[in-house]
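Heads up, the next two complexes both have chain A, just with different partners, chain B and then chain C.
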Partner chain A sequence: MVKYCQSCNVQKAFMVRPKTGNLICQNCFFQAFEDEIHHTIISTQMFKPGEKIAIAASGGKDSTVLVHVITLLNKKYNYGLHLYLLSIDEGIKGYRDDSLETVKQNQITYELDLKILSYKELFNWSMDEVVAQIGLNNNCTYCGVFRRQALDRGAIQLGVDKIITGHNADDMAETFLMNLLRGDIFRLPKSTAIITGDDGDNGIATLPRCKPFKYTYEKEIVMYAHYKKLIYFSTECTYSPNAFRGHVRELIKNLEAIRPSAVIDLIHSCEQLDAPNQNQKMPQKQLCQKCNLLSSNKICKACTLLESLNQGRAKQILQIQE
Partner chain B sequence: MQQKEPKLCKKCKTNNPNIIVQKDPVCKECFIGYVEHMFKMSLRLKCNITQKNEKLLVCFSGGQNSTALVKLASDVVHSTCAHNKSKMFIEVHVLYINESFIMKEFIQEYQPQDYTNFVTNECKLPFQIVDIQSIYPDPYILLQQLHNLSESGSSREDFVRLIKQHIIYDYAIKNGYQNVCFGQNGQRLAADLFSQLSKGRGLSLQSATKYNFSFIYPLNQNKLQILHPLKELLNKDILYYLRLKSNLNFPNFILGQHLSNIVKNKPAHGNIDHLLEQFIDKLQEGFPSTTFTVLSSAEKVTIKPLQQQSHCPLCLEIRDQVYNRLEVETLDNSNQQLINYLRANTKYYNKICFTCNRMLQSAQELENFYNLKGFPPLIVQIADTIQ
Partner chain C sequence: MKIIVDFGGGLDVCFENKKEITLEFEEQQIKMADVIIRLKTICNPKKLDFFYTQQLRPGILVLINDADWELEDKEEAQLQHNDRVSFISTLHGG
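Then we have the complex of A and B:
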């Protein structure tokens, strides 16, 4: 028996839509996927005409689809945005060097300017060197902190107004549950915030980060990339640990299998939360005394981690000299 | 060669230890003493049960947690605690909701359990049994509604839970009980919290895991105190306590598993509550501070102020706010028409909260649900009262 698309009732269904569990044809899927991202952008007033936007591009599926869709919607709906690609080379051989080739391909395909910053040139440390120094414990902490700062620095160099990242609904739901499990009540309400860093606390200007894929499922991103024949790099990071996040990721996948709307339901739950009350001591935003970038302490986390790495290197050099 | 001294109970320093309680090895006797002491302190200090002759309605399901709760309540009332014999001058009544009517429908091999001997003879507490179908004018409507709900995603289990909740609150108010006590331990509360969050009930973060939270019954604005005095305990504590104190056998019927007809091709038989129980239990084994971190975080979280504080007539929770259309619908035309139709053509669509809407999605005869057709008069009355 022929099954028809439950959206248009005309075309034959070609897949089950992960978000709804309904049958859908290819055209309706592409249309809905793009319309929902467009609605996310418009309803949250994410951009203003004339703004310069840096797209954080890693060459993976999320950022590749992000580049494609934002470029498409920018033209279709006349957002008036100036788009740039911003990539960070963490210095992981066999992983990042390969994925950056995909980003360079995207640069050509979408005719966008590309800026690549490396950990080595920014911090004088590549991730391979960091892991050689500290081992496989806490290496993701270093990478995450450095990447955040690297993106900020790259965005400042490009002179952009905002950064957009490919964080999707599954990522947001995972982050929400992880913050609850870790007891991080300060980050909890912001776990699913679509724009972060735009609050300008204490008069300190920060570069806003936007997440147009907030209501977009990871599975749908993969399907969109696959059926649109987009080229992306799909290998996991070499240093992916058996992380705590893995437990939560598995939970989200199982929840989705039982009830497709569970991911959005988690986001909806998080949306009900407010900032911690005034009785809780909130970290104060200030500028780092070393690098002059945003920090919640006198010295930011990146500078603190760098100092510990450099001290370790100094000790090694002394030992060799002895 | 110096021999290692054998470890002794951390509390009495005399006996050999049998169980670890909050990283300390303790013996059986000290463990029972710890549980009894913790229960009394919870009731007095955390649940504010301080007045003489205060009335407590203890909700009993026949499961392990509520059995432990009834046993402890009996010991404090009759001063039969193993250690500290000080009595609490409170009035405890036990309420049991008999689900046999629906269990027989969904489980072929179901055998009804009789708890009268345990509650009345062993624990010597007044015992009230209410049949779950008694709230319905036509009890077979309840079975029909359960069959109409989706077998996956805990929809049926959630529906049964909210019917039971209505029965409990109505009973408590009609019989003058201001305090309603549930037996969930800390680990269960953490799992329940995650389960509620996964169903979109973010507002439950402010109340679902508290020792004591105030609930205003929407029908007559009566205030109820909902208590969780066993919040300090974990699953293993309850199991060990029962092993030492009770001879009851716990049947293997897991209501949820069977109401879902054992959905074979989905994780945890398609039951969200079981999935989250397994998740928390697994994490608790690998990371022993999981439960208390979650409960502590939930205590400190604040909720965004709501424009309107009105209740959902089904679950009695406060209706939350939808901040973006994409939380409720997709833009592929597959559900917008249905939502618009229900909004325009049913009496109570706009009064049902986000999570109850999710419970009802994929149900058959949706109009009957949103018109509360065949529902208990109590629920219809509440729906008509609510703005």
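Then we have the complex of A and C:
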């Protein structure tokens, strides 16, 4: 029995949308997918005409679709944006070196300027070297902190006004749940914020980061890429099997099986959260005394982690010399 | 009955890095659940967790002849000779 698209009632349905449970054909799906992202951008006033935007591009499924859709919408709706690709090489053999090839391909396909920054040149530590020193626990912490700073520095070098990332609805739901499980009160309310870093309080401006895919389901991103034949790199990070996020992801996927709206419900729950108690001491934003980038403490997390890594290395060198 | 299976999203690492394989079945009536069981047996045991834990790993998309299996009855969907089934994992970085 042929099932028809519930939008146009003309074409054969090829997919069930996780967002709505509707049956939909390819053309209606492409349209809805793009229109919804456009709506998210307009309703949150994400961009201003003439702005320079760095697209954080890893060569993976989310950022590849992001590059494609933002380029398309920028043209179609005249956002007036100047787009750049910004890629970070963490120095993970067999993972990042392959995905960077995909980004280079995106650069050619979409005719955008590309900047690649590596952990090695920024911090003198590749992730492989970090793991060799600290082992397989907490690598993600180092990587995440370093990537954040690497993106900031790359964006400053490019002279852009904002950074956009491909974080999708599933990612947001996971982040919210992770912060809940860790009892991270400070991060909790902002777990699903669509634009972060634009508060400019204390006169410290930072580069805002925006997430146009906040309400876009991961399944739909993959389906869009599959049917549009967009090429992306898809391997799990070598170090990911122990990652906390993986467990939370599995939990949410299992929740979805019995409650299909789980992802969007989690995001809405986060949005309903009250701001933390005003009596709660919130970390003061300031500039790091070492690197001069935004920090919650006198020395930012990246510099703190680097310090501990370098002390470890210094110890090793001393031991060899003895 | 012959069923063509292709792997996306990195799942080929579970099946000797093959992006496409062909499965042969003796039976006349085959459903998706049978394909998954067969794949479970030929999957690299070290990588089985990427594909199947107590069920097909949630987060793996399944297409039958390029259409979402949720349009049919998922595991209960009946297959025809020369049907193409695609497994696409979404469980990796973006």
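Convention: the second predicted complex is superposed on the first by the 321 of 322 C-alpha atoms of A that agree within 3 Å, B and C clash if a C-alpha of one lies under 4 Å from a C-alpha of the other, contacts with A are read in each partner's own complex, and residues count from 1 in each chain.
Everything below uses one rule, namely that a contact is a pair of C-beta atoms (placed from the backbone, for glycine too) under 8 Å apart; a residue touches a chain by one contact, two chains touch by 3 or more.
If you're wondering where the values come from, they're calculated on a predicted model, not measured in any experiment.
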{"item": "Fit or clash - chain C, chain B, common chain A", "value": "fit"}
{"item": "First, second, both or neither for A:16, with chain B first and chain C second", "value": "second"}
{"item": "Touch count on chain A, higher of chain B and chain C", "value": "B"}
{"item": "Partner chain(s) touched by A:98 [first = chain B, second = chain C, both, neither]", "value": "neither"}
{"item": "First (chain B), second (chain C), both or neither touched by A:307", "value": "neither"}
{"item": "First, second, both or neither for A:40, with chain B first and chain C second", "value": "first"}
{"item": "First (chain B), second (chain C), both or neither touched by A:113", "value": "neither"}
{"item": "Touched partner set for A:121, first chain B, second chain C, both or neither", "value": "neither"}
{"item": "First, second, both or neither for A:234, with chain B first and chain C second", "value": "second"}
{"item": "Which of chain B and chain C A:31 touches, first, second, both or neither", "value": "first"}
{"item": "Which of chain B and chain C A:257 touches, first, second, both or neither", "value": "both"}
{"item": "Chain C versus chain B - closest C-alpha approach in the superposed model, Å", "value": "8"}
{"item": "Overlap of chain C and chain B interfaces on chain A (superposed complexes)", "value": "254, 257"}
{"item": "Residue ranges of chain A in contact with chain C within the complex", "value": "3, 12-16, 23, 58, 60-63, 166-168, 171, 218-219, 221-223, 226, 234-237, 240, 249-250, 253-254, 256-257"}
{"item": "Residue numbers on chain B that touch chain A, as the complex places them", "value": "152-154, 194, 196-203, 205, 266-268, 270-272, 275-276, 279, 282-283, 290, 293-294, 296-298, 300-305, 320-327, 330-335, 354-355, 358, 361"}
{"item": "Chain A - residues contacting chain B, complex", "value": "6-8, 17, 19-20, 22, 24, 28-29, 31-32, 35-36, 39-40, 43-44, 176-177, 180-185, 188-189, 215, 247, 251, 254-255, 257-259, 261-262, 264-277, 280"}
{"item": "Sites on chain C touched by chain A in the complex", "value": "8-10, 13, 50, 57-59, 61, 63, 66-68, 70-71, 88-94"}
